[in-house]
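The structure is given below, and queries will be raised subsequently.
The letters A, B, C and D name the chains in turn, as written, and every chain counts its residues from 1.
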Amino acid sequence: TFFHSSSAMANSKWDYVKKFELDDTLLPNCFAIARIDGRGFHRLAKKHNWTRPNDLRALKLMNKAAKCVMEDFDDAVLGYGQSDEYSFLFRREAEVFQRRSAKIITNLVSKFSSAFVYYWPTYFPDVKLQYPPSFDGRIVLYPTDRNLRDYLCWRQADCHINNLYNTTFWALVQQGGMNNNDAQQRLSGTLSGDKHEILFSQFGINYNNEPEIYRKGTVMVKKARPPKISRKAYIKLKQERENSGEDEEDVIMEMYCDIIGDKFWVDYPHLLGNSN
Amino acid sequence: TFFHSSSAMANSKWDYVKKFELDDTLLPNCFAIARIDGRGFHRLAKKHNWTRPNDLRALKLMNKAAKCVMEDFDDAVLGYGQSDEYSFLFRREAEVFQRRSAKIITNLVSKFSSAFVYYWPTYFPDVKLQYPPSFDGRIVLYPTDRNLRDYLCWRQADCHINNLYNTTFWALVQQGGMNNNDAQQRLSGTLSGDKHEILFSQFGINYNNEPEIYRKGTVMVKKARPPKISRKAYIKLKQERENSGEDEEDVIMEMYCDIIGDKFWVDYPHLLGNSN
Amino acid sequence: TFFHSSSAMANSKWDYVKKFELDDTLLPNCFAIARIDGRGFHRLAKKHNWTRPNDLRALKLMNKAAKCVMEDFDDAVLGYGQSDEYSFLFRREAEVFQRRSAKIITNLVSKFSSAFVYYWPTYFPDVKLQYPPSFDGRIVLYPTDRNLRDYLCWRQADCHINNLYNTTFWALVQQGGMNNNDAQQRLSGTLSGDKHEILFSQFGINYNNEPEIYRKGTVMVKKARPPKISRKAYIKLKQERENSGEDEEDVIMEMYCDIIGDKFWVDYPHLLGNSN
Amino acid sequence: TFFHSSSAMANSKWDYVKKFELDDTLLPNCFAIARIDGRGFHRLAKKHNWTRPNDLRALKLMNKAAKCVMEDFDDAVLGYGQSDEYSFLFRREAEVFQRRSAKIITNLVSKFSSAFVYYWPTYFPDVKLQYPPSFDGRIVLYPTDRNLRDYLCWRQADCHINNLYNTTFWALVQQGGMNNNDAQQRLSGTLSGDKHEILFSQFGINYNNEPEIYRKGTVMVKKARPPKISRKAYIKLKQERENSGEDEEDVIMEMYCDIIGDKFWVDYPHLLGNSN
């Protein structure tokens, strides 16, 4: 109940059932990745005529929902999104919800879902949302910097592979006049270089000039908190900025950059922290 | 990615990170309760001027979101909601998402949250939702019929205790002109009978005539599937009914009844099934 | 340390590492089966010239170790052993070690292993134990009476199937002069009836007259505690019995009976208790 | 069964119960500490008249049991023992028993317990073991080198603190003629330096000259496997050494050294490996 909580005078006969709720605390000092995946987004895309291979409005809406999550969860310092998925990095020392796994992931997926619907009209002003979409979520722990970075490499490589495929596939269909089956056949067994070649020679598309948000996905970085400022002072500072109309952008940066190489991690060392 | 999945040709260097995702399968043959709780609903209520002690629109919106969940999850046969919380019962034999705990609860809380925002305008036509609200979720297992029923008793008793308190408190404030502190003081140490008496003698309110949805909460029962019909046939039947404009009410029933006593469980024996 | 514990004055710098130990409490009100399996017992049997298909000394030693476990764990009310494995039943309401899974199973497997070595000379007076043998252990939860009984059915059926096979196999080898390969070939594809027939017609053995401890395994039942006696009084009673030289047999009964049918469970209703 | 396994022809009716056994795989790439603690060793010490504050025979027996464990578990590269406890370090990349937690810890505690009883007569030739002792066990994961080292610091500091206390306490009792209560009173509130002073001025004992095995505990280090040798070749090599009568000591080294400072870890870098 959220209005008033009567003192715990009663319920003593049945409240033994609370004991059936078991502990699911995450191992301390590991990175935690919270990942969200759209459920049935193939259907969602179709129902709302999303453009293919990428719908910029949908990607921007995903990014907006991700930003809501990162504003809500102080310990989420990095977000990486592509297609219908989003990964959030919680630092080793995160103590959010006492590291209770289900508590963290359900709050996070709830906020994301809620924000996705809430901001839909902002990004699809002319398209009515047909039904409430949903996402699933999971938390995975990574003990080392290398494991954590490899997770993100894996997702960004996945983005690259799929986007190159999809870009070529839809060029064959939309501009090349092929049907889906023929296009699929055409691409079967092709390597990365072959797809670049098809795009360039057949459609004049230089894949490397495609928008980075498609090729790399979106990287959200929460700026390092100034070291000598307490959390309380930091929150006050944040609120002043918000009230003064300063863009929140200066707290969470949205980028479409490479996170596989070392440069990104050298630029933002606070994301990994030290591994003690 | 939801448009096209290129064959798993690549990613071999990094996809070892998938192994860090650990199994969280629920123990077979237990009842599973998935419970959702509003996060920060005190603030949500205030921001949107919900009526007190109960806001019927908010309760109806919760019920609508719950119905969406139950339509989405075939194995959720019972829902119980009160205030800003909702519990869903999955039967012993439920195999939804291969009983993977995080998968079930995240999909469920996501659908609930998404539906809550989606249907807000239906229940609050004149009140703009100020921000995306969120919920947390958890799954708890109960091995016996008795444990399961006691869980629901616990929640319904909680509804009763809180609603009696809140009804009396707000009568003292709204009709009796007390401030919050004085009302709280007045109720401190009172028993159930005392509150009934205050309501009746001071405000002419017979608590037992208060709406059942406030006093008992909402019970959603999914009708038993006709025994000799396959799931496929059943889904077809359901769709025909939907297409013919028949109300979905004849599949999921919304009630405000007692679930502590035996009568409810005698009336709907399929909810517990047999305990083999 | 077991001699003296200095007050926890120090260690404050490093004892944060205790937090990495995670909770593994067993779900309340489920039956817990703790099962122990010999590791590398094929080799152990060979090294110590155990008779085949069954070595009565080894079985009796297993039973003795099991009895030690059951005397040590008040909540272990039933044991079932066959070959190199032993299962122990903890009742729904067992609170041993606050139901911490690793704590229970490690103590149990430790006591079993320790007793196995300790009592070896009693059962193998003329055979020196060549090396310290070991066992593994696991805990599995069962929510219903039926599931629990089916677990025990599964183990006893396993005993039956293996013993019939082994009895026939070793008759062919030891009395029929076959080598192992030929005996295996001979039995390949045979049904239960075929093996009975081989034993009877070829070797004059009526399988049903084989010792029950081989055919059924060993069932250890802890007698129901007299209902109106407190644990303290019960332990005192037990100690008096022990001191008076009364056989402990009157507390834990060793039997070689069927536990698949209903009779056993009707005779010892306290093993299942009631399922509330 | 360990003699013969009949093909899985039967049991189909009941073997669904196997599904109730849930997965407990350890998170990959973390250090795992398996720790064993004596249960009721206060009583064991008393019953067998162990000398106080330390019984060298008991410590040597613990070390022997630990060595058995380390010979049995290839992945256990380090052991640390003091008093009635022993910790074993499994490296990040250990794949023993597919990292199944209960499987690892039960096998380990079983082997330790079994060896403790088996080798008792070697270390206590004149003292008959009165009953089978037991141990409990647990596995704790540590994600970083620092966490892992801090765990071992914690245990070695515990050894130091307890041994200094016990040495002083028993000097007061055994040589100073105090009773236990008075000795405890005398030490209450004393700091480390005070105890050194009591030992030196009252009993002429320089604590730093006490045997290192008491002050530091025992460190067992498994030598690094020669880098270019396969496991198979390594095991063969080990067996040749064993057969040729070479002491196993040259594979597992027993030391009583400091493991808190850096030197130990610089000397044996293979224990931590690299943290990728």
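Throughout what follows, contacts are C-beta pairs under 8 Å (C-beta built on N, C-alpha and C of every residue); 3 or more make two chains touch, one makes a residue touch a chain.
Small disclaimer: the values here were computed from a predicted structure and weren't measured.
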| item | value |
| --- | --- |
| Joint neighbours of chain D and chain C, given as chain labels | A, B |
| Per Cα centroids, the chain farthest from chain D | B |
| Distance from the mean Cα position of chain D to that of chain A, given in whole angstrom | 45 |
| Distance from the mean Cα position of chain C to that of chain A, given in whole angstrom | 51 |
| Junction residues of chain A - those touching two or more other chains | 20, 22, 27-29, 141, 147 |
| In the complex with chain C, residue positions of chain D that touch it | 1-6, 9-11, 13-18, 20-21, 38-39, 41-42, 44-45, 52-53, 68, 72, 82-85, 101-103, 105-107, 109-119, 129, 131-142, 147, 150-151, 153-154, 157-158, 161-162, 165-166, 169 |
| Residue ranges of chain D touching chain A (in the complex, touch as defined) | 27-30, 92, 141, 143-147, 275-276 |
| Contacting residues of chain D [partner chain B, same complex] | 19-20, 22-23, 25, 27-29 |
